[in-house]
Structures are given as C-alpha cells and as structure tokens.
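Single-structure report; data block below.
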Amino acid sequence: MMRQKLLSEGAKELSYEIREIVKKAEVIQKLGQTIYWENIGDPVQKNNEVPEWMKDILKDLLSKNETYSYCHSKGVLNTRKFLAEKTNALGGVQISPDDILFFNGLGDAIAKVYQYLVPTSRIIGPSPAYSTHSSAEAAHAYHDPITYKLDPDNHWYPDLDDLYNKVKYNPTIVGILIINPDNPTGMVYPKKTLERIVEIAREFNLFLLSDEIYINITYNGVKTFALAEVIGDVPGLAMKGISKEFPWPGARCGWVEYYNRDKEPEFNRFCIALDNAKMIEVCSTKLPQLAIPLIMTHPNFIKYREEVNCKIGRRSKIITGYLSEIPELRFNETFGAFYNTIIFKEGTLNPHQKLKINNPAIEEIVENWVNNPNMALDKRFVYYLLAATGICVVPISSFCSELKGFRITLLEENEDLLHNIFSRLRESIKEYLKS
Amino acid sequence: MMRQKLLSEGAKELSYEIREIVKKAEVIQKLGQTIYWENIGDPVQKNNEVPEWMKDILKDLLSKNETYSYCHSKGVLNTRKFLAEKTNALGGVQISPDDILFFNGLGDAIAKVYQYLVPTSRIIGPSPAYSTHSSAEAAHAYHDPITYKLDPDNHWYPDLDDLYNKVKYNPTIVGILIINPDNPTGMVYPKKTLERIVEIAREFNLFLLSDEIYINITYNGVKTFALAEVIGDVPGLAMKGISKEFPWPGARCGWVEYYNRDKEPEFNRFCIALDNAKMIEVCSTKLPQLAIPLIMTHPNFIKYREEVNCKIGRRSKIITGYLSEIPELRFNETFGAFYNTIIFKEGTLNPHQKLKINNPAIEEIVENWVNNPNMALDKRFVYYLLAATGICVVPISSFCSELKGFRITLLEENEDLLHNIFSRLRESIKEYLKS
Amino acid sequence: MMRQKLLSEGAKELSYEIREIVKKAEVIQKLGQTIYWENIGDPVQKNNEVPEWMKDILKDLLSKNETYSYCHSKGVLNTRKFLAEKTNALGGVQISPDDILFFNGLGDAIAKVYQYLVPTSRIIGPSPAYSTHSSAEAAHAYHDPITYKLDPDNHWYPDLDDLYNKVKYNPTIVGILIINPDNPTGMVYPKKTLERIVEIAREFNLFLLSDEIYINITYNGVKTFALAEVIGDVPGLAMKGISKEFPWPGARCGWVEYYNRDKEPEFNRFCIALDNAKMIEVCSTKLPQLAIPLIMTHPNFIKYREEVNCKIGRRSKIITGYLSEIPELRFNETFGAFYNTIIFKEGTLNPHQKLKINNPAIEEIVENWVNNPNMALDKRFVYYLLAATGICVVPISSFCSELKGFRITLLEENEDLLHNIFSRLRESIKEYLKS
Amino acid sequence: MMRQKLLSEGAKELSYEIREIVKKAEVIQKLGQTIYWENIGDPVQKNNEVPEWMKDILKDLLSKNETYSYCHSKGVLNTRKFLAEKTNALGGVQISPDDILFFNGLGDAIAKVYQYLVPTSRIIGPSPAYSTHSSAEAAHAYHDPITYKLDPDNHWYPDLDDLYNKVKYNPTIVGILIINPDNPTGMVYPKKTLERIVEIAREFNLFLLSDEIYINITYNGVKTFALAEVIGDVPGLAMKGISKEFPWPGARCGWVEYYNRDKEPEFNRFCIALDNAKMIEVCSTKLPQLAIPLIMTHPNFIKYREEVNCKIGRRSKIITGYLSEIPELRFNETFGAFYNTIIFKEGTLNPHQKLKINNPAIEEIVENWVNNPNMALDKRFVYYLLAATGICVVPISSFCSELKGFRITLLEENEDLLHNIFSRLRESIKEYLKS
C-alpha cells in the first residue's frame, strides 16, 4: 500500500468515452469484419493527402539546424506576429504578438486553461459536448461538466434561454465555451447568436472561450464569424490550430489568442498564469510554428482549402440525401467541421431492437455487450450497426447529452465507398427501428 | 471585475526564475555588449550540428502521408515496443509497451504527473532544484517545494541522512524525485546511492520518479545507472526523451516508463490517470516518435553520441582547469549532463563587491539592479559578471537553494571561445572577490 | 512570521454585520444619548420576565448531583424521547429518539451542519438572510452565500420562481434553508408555500433545512406549520430550541431532528457525521435538556406562551399603526417571531438626507461615519436615526440583501415606551425623507 | 440519491474510538454482569459530590432574570477580567480581557481552533492522543493526525528528539499541542520540558496550543506550570475550563486565552477568526461564566480542591501498589489529571490469551468479538477483562498509539470498591498473561 493516496480528486473525471467504441471495433475486426471508421476526425487517416508543396516546406525547414532548438516559450515570435496581423485584419478586437501563446496542440491548451482555473469557478459549454473540453472542465472542478443545450430542432443552434438561465442562476459560472464550427454537430454559429452570447458574458462579467479549430472548414456558402469579430471589449480566449486545416494533427500545434486582457486585471493574471505554465515546460513544438507563415502565405494554400472544403460540402449533401428523410430521425444538414450528429426521435428506440448479424461469433459477442439493462439505447444501436455492417460511429450519449443518436464523419474521400456506407447505414436504421 | 476569481491557488507557484537572467542579458545586449549565453541547456543553440543522416530520416518520414495523422494516444506502438525492449535489455525491471506513455516533451510529462497527484501528497526532490520539477510540484501543492540537499562537499551527491529524515518525519511525502545525471550540478548518482534511495522508498511505501533526460550524456569514464536497473519491486516512473540526446529539444518528445504498476493498485490507478489525461488530448507529437527507432538503430548513432559526449567531457576538463583551484569556490568536476554548479564558500560574498564595467550606461543600469538590500548575493555577482564581460550564467539561489553560486553550461563548441570565456570568468571571480 | 499561513479560506466569510451597529450605539451612548435597543432579539434583555415556576424547576435540578455530569453525547435520552413524541404527534413524518441530536444552541448546530457539508455543495437560503446561517454557509463554501428572494410586495413570502430557477440551473445546490417564522421579516410560511418547497426539493433530490427556533412564537391568529407536517418522504433537518420560547438564550440549548434519514444513504451518512462531530465534544449542555420535559409539560406553560405571544401580537398591531401608512415604505404586518423588516421604496433614499441632531459632538461623529461614498443608503439612515433619537435598529443591507430598509424588534414590554419609540421613529422617517 | 455528495472529506476522520467500549459494556451489562466504569473521566458520575455552597451560588444566579439572557459574544466581561488577572498574577505573559474567548466547553473550543486552520497547516500533538484533539485535527486536514511520542520508559514525558525531528523535517507543522496534565497518561510536564518545547516553537515560528483543563488537578507534591509562565514572546493559545475542576462537565464551559497575539499578525488574524466564529453563534453558556468568579473566590474553594486532589493522589498510590510490580507492564505513577495509562511490554500479549468467563452467554459473545485476526491485542485483553470481571477500561490502541495497554481512571470515591477493582484487575492481568 502506498504511504498516502496518490490520485487527485479530479482524476476520476478523465474519461473519453468516444474512444471506447474503438476497442469494440477492434474486437469485431479480429473476428473478420471489415471496419469503416466513421468515428474519428482525422482527415489524414481518411486519405486526405497532405499536398507535396506543404511537405517540401517542412523538409526545407528540417534542413536548418535552428529548426531543432527550443523556441521562445510563448512560440516563434515571427509566427505570432503573422497570426496577430491576421486576426487584426478582421477589423475586430486588436492584439499584439504578446497576446498569443503556442501550445502542443489544442488538447494541451485546453488542459492548461482549465487546470489553472480555480475549482469553484466553472465554464459552461455546449451539450452534446466535445470530451476534451468537458472532461478537462470536470476534472478541474471535481464535478460533472456544466452545459447548455444545442437544439436539434433549430439547426443545432444553442438554446440561448437555457444558456441565459444557467448563467444567471449559477454564480459559479465565470466563462462560456463556444465551439464554432461545432464538434460533434457540424453547426456554424450565426453572427446574431455569437453577439447574444457576448452580451450575456458582458451582463454577468464572464469571459468567453472560443474553440475555433474548424474556423476555416466551412462549405456550401457558409463562413464562420471569429470571436475576434464580435467580442467587443469582453475578455476572451480564442483557440486555434493547424490539426484540421493543413491537416497535420500529429504535429500537436495550436495556439490561444488573448482578447482584451488589458481591460480586466484578474483575466490578465489568468493569461500570465498560462504563459508561466508554458514557460516551465520551456516551449511548444517548433517545426509546425516555423511552417505556419510559410504555408498560409503560399500561393496554393487558399485554393487547396477551398477544394477540400468543397469536397466536404459535397459529402455533406450526399449524406443529407441518405438520412434527412427518415421520419424517426432529427436530422440537420451541416455547414462546418466534418461531423454530423443525428438524433433518434423520442420513443423510437427500445431495448429489444436488433440487426441481423451473419457471423455467429460476432452475434454472440454483441448480445453479450448489450445484455445490460442500464445501457444507453443509442449505444445499443451503435454496437449492432458495428457488428452487422462494420460501420463504426459514436453514440451521442457519450457526449454528455441526454439525447440518443450517433455522430458520423464527413471525411470519406472515396465517394463510391461513401455512397455504399451511407446507403447501408440508412437501411440498417430502418431495419433496426422496425425490428 | 470578473464575476468570481479565476486563478487556482497553484498558479502563484509557477515561477521559472532561471529565465529572468535572459531578460537582463537582453537589456545589456541592447547597450552594445556581446553576450555569451552560458545559461541555457540547448545544444543546438550552442552550435551542436544535427547530423545530416538524422535530418534525412526525418525528411523521409515527412514524405509519407501517415506521418501527419494522429497516433495512438499512448504513442506509436512500434516505438513503444522498441523502447520497452531497450529497457528490458538492462536486465532489471521488465516492462511492456503498455507501460510507456509518450508526452509532448518532459515538460508536459512533469506537468501532468504532479497535476494528477492529490495536493496533500508531496514529492521530495533535490536542491539545487530544476525549476520545471520544483515549480510544478509546488503548484500542485500550493506550497513551497520540499527538497533534499545535494552536497557540494561530497561531489554533489545527495545527503542521504537529510533525505531519510525528511521522508521519515514528513508523512505527506509519497515519492522521491531523482534527476540523474543531474541538472544543474552535472552529478551522476553512484549505484550505491540509487540503491539506498530505493531502500528508503521501500521502507516508507513511496514511489520513485527518475528524470533520465540526460541518461546517455556522460563522459570521462562514467555511465549512468538507470532506475530500471536498481528499482527491484518498488513502484516507479522513469522520464526519458530525445531533447538533449539527438538533440532535438524543439520536437517536444519525451516519455514515461511505468515500473511495477502491477505491484501496487493505487500506483496503477495513478498510471491509468496519466494515460487518461493524455487520451483527452488525443495523442503526443508523432514525427519524433516515428523517428526514434530509426535514429537509435542507425549505424552512426552510437558513435555520434560518443563523439559528442567526448567533446563535452573535454570541455568539462578545461573548465575544471580554470575554476577548480580558486580557494573561495566549492568546485566539483562533472561527469554527466552539460552543466556545472559552482558555489562560493560561506563568507566570501558581500554586498559591496563589484567588477569594473567600462560602459557607463551599463554600469548605471547594473548599479540600479543591485540596489536592493534583499538581493541574493550570488545574483549580484551574476549581474556584475554579465555587465562587465557579457558572460551570462544563472545564480544558484534561483534553484530553490540556500547556497550561493552559479550554473554554467558545457556546451560551447568553439574551444577557443571556451578558453576565452572561462579564463575571463576566472579573472572576474578573483577581481570580484578581492574588490 | 508564522512558518505557514494559518487561516482557512472560509475564515474571511465570518462576518456578522448586524453586531456592528452595537459598537456605533455604544459610542453614541457615551456621548450622553439614551439608547433604545431595538436591534437585538433577546426577550430577556427587553424585560420579558422568566416565570418563577420555571426558575424553581431549574433550581430543583441543580440540587441533584447528576445534573452536573456529562450526558449522552446525543443528549439526555428521556428528553429526546419526549421531543420525538411531540413531533410524531403532529401526524407527519415519524422519528425516534435516535433522530434527535442536541447542540449548544442553534448557533452550534448551524456551524456543524455547514462545516461537514463538502464545500462544493451549497444550501440556498432566504434573503434578507439571517447572518448565522449565511455566514456559516459562506464560510463552508469560501464564497458568497446563495440566496432566494423573500418578496416585500407579497407579505415577504418566498419568491418561488426565483427559488425554482436558482435550484434548477445551479447543480451545486443540495439543500434549501427555510426559516419559519422568519428572522428578520416576521413572516410565517403558508402551508402551500412549504409544500411547493418540498416539491422542489423532491424534484431535484435536495434535502430541506428548517430553522424553527420561533415555531411557537406566532400571534394574531396564525400558526406555524412544522417541516415535519409537510415533508413527506424528502430528507430534512429541523432545528429547534428554547432560546426564544422559554426564553433562555443564555442556556445555549437547541436540537436538530433528522427526517427520513432511512430513505437516503448519503443523507444518513451526513446525520451520522453530525452525531460523530458532537461525540468528539462529548455532549451538549445538560441542565436545559433536563428541564425541557419538566417545563413543557408544566400546567402553566401553554398559557404562559399564549400570553407572551398575545403581547407580541398587540405590539405588532401598534407598530403597524405607526408605520404602515407611510407611502415611501414597503410595510408588511408580521405574524411570527419578533422582528419586522421595513423597506424604503426605490428612489426614496439619497445620500444627502439628514436628521436634526441636537448634540454637536454626536453630529460631528455621525457626519464622519456617513462620509463614505460607498455607504449603503439604509445604513446612513440608521446612523442618523441612532444619533438623533437613540433608536437602534439594524440596516437591511447587512442581511445579504439588495433592498434598503431596517429591522426592528417587537420586544419592548413597556407599552408607553413602545408608543413613544415608534411615534418618534415615524416622525424621524418623515423628517429624513423630506430633508 | 442526493443531487451531489454531501459529506466533507474531513467527516470520515471523526471517530471517537474510546466510546466504543461503552457499547460493548452495555451488551455485557444486559447479560447480567455488573459493570465498573473505569473508562470515563467524569468525576460526578463517580460520585464526586458537587458541594452545596457551589449549588447555592448557582441557584442564586438563576433567581436573577439577567442570568437567562445572551451575554457578550466573547463571554461575560467581568469574568474575563477576573480570569485575565489570575493569569497575569502568574508573572508570565500578560493578557487583557480581550485576550479571552469563552466556548461551550473545550470540545467546542477545540473544534473551532482546528476548523479555522487551513487544511495544509498541521498541529502536532502527543501520542497516546486524546481523541477530541486528534480527531478534530485529522478532520481539518483530511489526513491521519500527526503525533510526537510520549515515552512510557521516561515517566510518559514527551520524546523531545522525536518532536524536534518531526517539526524540523515537516514544514506543514505550524503548532505544537501540549496537554498538561495529560490525558490519558496522568503525566505533568516538568518546567524544563515546557521550556524546550517553547524553544522549538520559537526556532520554527510555530504557535503553542496548551490544553490545561486539568491544570489544578495535581497531587502528591506536584504542581503544573502554566503555558503563560514559560511562553515568553511566542504566540500561543491556552485552553481552560471548569468541567473537571468544579466539577461541572455538563455545563459546557471553557475558554481560550490568547498569548502574544500582538507579536504576530497572522496569529492575531487567527484569534480574530475565532472571535468571529463565536460571534455568529451569538455567545456561549452564560450561567457557568457568571459563577466562575463567585466560586473561585469563595472561601471554601481552595480547600475543597485540595481535599479532592488529595483523595485522587491517595488513589494513585493505591493503584500504584497494585500494578507497579507486575514485570510484564510498563507502569508510571501519576501526578496529575485522573487517568493512568499502563502498557504491556512488547511480546507479552498474543492472540490466544484468555480469561475464564463464568457466564456462557457472555463467553460466547466475547469469543465472537475477538474472532478477528486484525484486532489490536490490547483491545482483546480489554474485552476479556470486561467480560470476566465487569471492569471497563479503554485500550490504548484507541488513542492513536502503537503501544498496547489500557487507560484506567482514578475517580472511584469508594475506597473499598477501589481496592476490590484493582486487586481483581491485577489478578486478571496475571491470569491473562499466563493463559
């Protein structure tokens, strides 16, 4: 026995349920079923080719000795200048390079932001929730995450009354998290919505936290409004990165922009604490930081992003074609990021529904998994879908939501396969609901 | 005013005093003084060339699309297999790839290890202390770090009586930190010392935490004993990385090895919490992980390390030649890492000593800096040295130590310059002490 | 300097602003002004004679040696039996002597209830708030108290929508405090109100905390409904005592009744923690416990209470006569306890109003006190009233309320003096508002 | 299920093991065995008659109406003046009435002192420990109590080396608890010992906490040195009361004296926090406070105490006669309080020893109780002693001690019965050890 207990109280909140389905899929895979990984938001794994000119930029950088050393603890100065100018060019809140802090990906940024927030001060975030935020927030507070509802009957836009009431009546809330475009719903916040959220923050002296990792991934005519454009004089943090955009998730490179830290001393102290927390780690990953201005100013970059976004948009339409007309589903067409969250209407799921599974070994295993009276009904569906078709999606009950449904991705580059997967998904839903 | 306070109590402990000297040096530099950066442990900045064959391995990896995607949340499986085998080949404690967790550099690893330890359970570490550990430990506990003494009169080896008494009489201590080879002293722990520390951990049911970032940086006939070789059945964590060894500090790539997690359920839960904390960030930097087995098994690697170590060893001897005979200093020859910590004997420093500074503008600024009756006497010396010669070293009082002295590095690749710097340093010490 | 800091974070919340006025009154008194202490809820100080037959019972008890020893840590068994039967006779929730725990007055009970509640679980209580509850709750949570509004435009009844919303949207709330009859408003909760509060507790799995120290102090036709009568199967604590009823505040004797602890394991553990907390103090005051059944079953007791209540009721009518018709006041007639809280309508107070003060020394002091731009406007009025007339009342802003007004008591036994005080109070209000 | 968890982390530390034996004794009693209650420190229960003149003083006070009202929140001013003068007359540290705060017995004082100490600052206290202190200290810190050893081989005096080392090497310790005369050992600290403890407090910037509830209960030529006499300029709290001295434990009346609060601002803030904590409870028990000067200055008081002490001293000698010569025991004659702690030498107890029990029903129950391989060996002895003889004593392992033994009391007023009990105890020890 250890001399004293080791684990902090927050450690028990560290769950990432959306990874569990991967373990299940691996079991099914070993039994001979091909798996279609519609569960993970990694474009590279879904065959989004990193363009050669990008690779060349990185190789050039690796030829230089200086690329290998530490950089400034806040990040490469030149890159911070470049990014500050980009934000300033939006014409909203203005920042300097000192208002930017680089992290080893947004996961690192998120972890530190919540870690240095006092446990009794809470950030309210959207539900369905993205686990990296909700787990880190819960771990910092030793309690369940606090969430506002995204409304599947209104394009997944935030339920602003719910948000307002929760903020008004819960004095522990000090900040509002926006994920825009949103994971897992693919929703892009209208400007009016953002302005109302800023207004709420102003009324109750909160700060805003905006995860904009998908900011440049929109399509079919929609653009994202950045927090910088609407925040006015309210304190805020915007989180940005290159994982989804270049895409280079394996680089672990993201950054936080501090807005209006000069307006509020306690908020400024919080920003300084983040700087200090990074300083004791020396610095963040240097190679991707050096690459950012080179890639983003490359003549091919804008066109490249347009093409990729366009393809995602086309896939969004295809999927809409397959799933929007099923009467038992609450379906919303997406316009940003590369996920969609589809909800089963209430009363359509029950614990006796099934799909036909041809492989008896797989059938036996799945029946074992679902043989649990407390199992969420969407998880039950997801397991049957996986077992019968190999299509791997994530149940929505794993996203701190009381809704029942599943998240798909819009990343399959092979359109024939895409048609195939989503027509099978549609048939499986029908079969399951009728069974 | 924010609605509630934001900062966690731990945030105030996040200081990294050893970076302060950089700001001072930049001021002096602007006034025309050339600076000799003997303060930072980055071999690349000190002209250690990254070999071409290493660069080629990395460029090859960057040609492959798969390099850009996320990897397993614990790290690339193949690399973890490779590292587990290396550890197992030492013949001590045996581990599996599951006992390895990759981080974005050791700074990230250190931050998470202390973050998920309950605040009332403490890790005792060496003094002089390396700030990344001592600040993170203090931040987790909201209190000053707890330290055991390294003894400058005994090769900087740990004062084992001090360690034993502090562990015995302070029941909040649950673990012992070893940095081996040590930063900032350049000390390499003898096997007997390590064995005694393991014994203490066993007696009081502690776990061991061994920072082995410099494990392969030893010279002049000395080798490091890894924790894995001496730990027996006591639970422990070893921290390793490539920052100093390839060297590639800008990569942010390090890992933790869990030892004997099967022997102690609470320790195992702690390891699982670390795995979970990383999982909610998805994963760590992938490119360097892919490179590790390729570089470490490359035919040139061992010879390359030997040559670099040999050069550090030669520089250690040169520095010994300059500084070991000054009677007012407590000097120890180093055998590992690339630092040395030199202590002024008690009573040799006073607040009236000075160095002659030719530039009057610089002189004025320095006199302003030292015009503070609470200033540590070694900081005073360091400021004068910087102002008079441009040699930038770090005062030892910034390392949670009551001793007065300074840390130098052994990284200057240009031997003429090295001779020049250390002869000037010797003369400056003499001038200062006599003044 | 102490080795480490001593004070717990909660200590800073321990304020009891309603005592501050006493210090001010003592200053004025020394300058020659007679003080009319309308600020304190101690019937004995206001000449409520303790009846001789009660005194005789106590003297008899003091003749017995056994009276002096410790009693059972939960309280004298026979007395707990007597009180359990009294509660059971109400026909609501049923309890056993084991469901009663004696304390050294309700202040002790209140302190322990909040102390053993985890800091992140909160009790919402009424505003205007009674400081003993609100300070103890704040100290346990290290944050401002959380309150629901009592509505001066609706007989000071609780604003049930405000309560419902705050409970619904703030998941940290685990209990609702009721003070019934209420201090400082003199309000007695209607049965329907209590039932609605029980319903809210049931909906959100809260427990109820009911301070019933004034339960038998009602008049002019109103009776209190005890929590026991309405609670059904919801967990709850009722707090009762003899301070106001015998009256014997100096005895420090009160008790808590546990309701439905068998229905909810976590609530039961909480009750056991209270038992244990008392056990390590051995027990509470014994003499008053021994006296309780003897006094309460004495043939004179009921009539005695009726007479005293009747007199309070008559005084309530007299005060109503003086103050209910002033158009700038929000006035409610009282039916329980012995306080009334009178609110100035919005816009009627300003920082330039005054009362004529004859004594120049007193005038100077008061002008000094009110020479503070942040001073609450009701405090300003209260200071002028004290200085000009010697009438000492408590400002309502000292009761965690945003309303402006003052609390008076209904305890003055001398009716001529009562008329005198309240006619002067009426005239002073008019003079102040017009000035 | 409650909405959130209720219990604070400290609640689990609230155990008072020394009460457990009472439950066991009640079981045995019901089976027909007469119980000799040698477990409880209540002189009144053991037939110490409260003198008639004391009773008369109290009855007189109860005739006055004013006795029933609240008193000043710090306690009756006149009584505090009286007590301050008594302390000042010792010629040591000088205090004013403001340096005294009354509580509802020392249990209340102890609870509040630890409650308002920050959890990470610890008080080290003696072992064997008196549970009221050790449980409250543990509850405040959420961890096991921290203790220094009292040495049974050196008159139960504190092991000063152990104390010094624990203080020196554990920076969380901010105060030292002294219980003098001590419960449960009956030890009276020599002046030199107290002076050394003060010296340690001064060296490490600690405050002293001295529980002097038994200060006037010494005998056979020994007197207690008060903390006030030796503390010099070190901050300290002395805890005093009337429970054991009048004796009137049922009154719940004790007080704390603050020493040198003017010398140390953080300590002064701590004292103010205690004042505030009491103020929100309004005040402590008034009747005993009013009685203190009347009783203590009564012409009979000193003689009365001398006679009672003398009788305790005689009983101490008688018990010494019975138990000091048993070679398997470590026995110390007592000189203060009314307990003795007798230790079994190591190796003398084993889990197979027994006493002959005549009543088969009792025998069966006891064998059931001791049928637990983890049972402390002294508890086993105590259960057998209780079952075989009805003598009820408390095992020393219940006092946070690793020693094995039992605590007896020196309170039996009937000397024949005393001889009888202790001769049976001696024979039972011999029988048990030989069995």
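As written, the chains take the letters A, B, C and D, and residue 1 is the first residue of each chain.
Here is the rule we go by: a contact is a pair of C-beta atoms (placed from the backbone, for glycine too) under 8 Å apart; a residue touches a chain by one contact, two chains touch by 3 or more.
Note that the coordinates shown come from a computational prediction; the quantities given were computed from them, not determined experimentally.
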Ordered by label, the neighbours common to subunit A and subunit C are none
Taking each chain's centre as the mean position of its Cα atoms, how many Å separate subunit C from subunit D? 35
Measuring centre to centre with CA averages, how many angstrom lie between subunit B and subunit C? 60
Report the inter-chain centroid distance for subunit B and subunit D in whole angstrom, where each centroid is the mean of the CA atoms. 51
On subunit A, where are the residues touching two or more other chains? 4, 119-120, 143, 171-172
Run through the chains and report each pair that touches. A-B, A-C, B-D, C-D
Interface with subunit D, subunit C side, in the complex: residues 1-11, 14-16, 19, 40, 42, 44-45, 49-50, 55, 58-59, 62-63, 65-71, 73, 104-105, 107-108, 110-112, 115-121, 131-132, 135-136, 139-140, 171-174, 204-207, 235, 246-252, 264, 266-267, 269-270, 273, 276-277, 279-287
Seen from subunit D, its contact residues with subunit B in the complex are 119-120, 141-144, 146, 165-166, 168-172
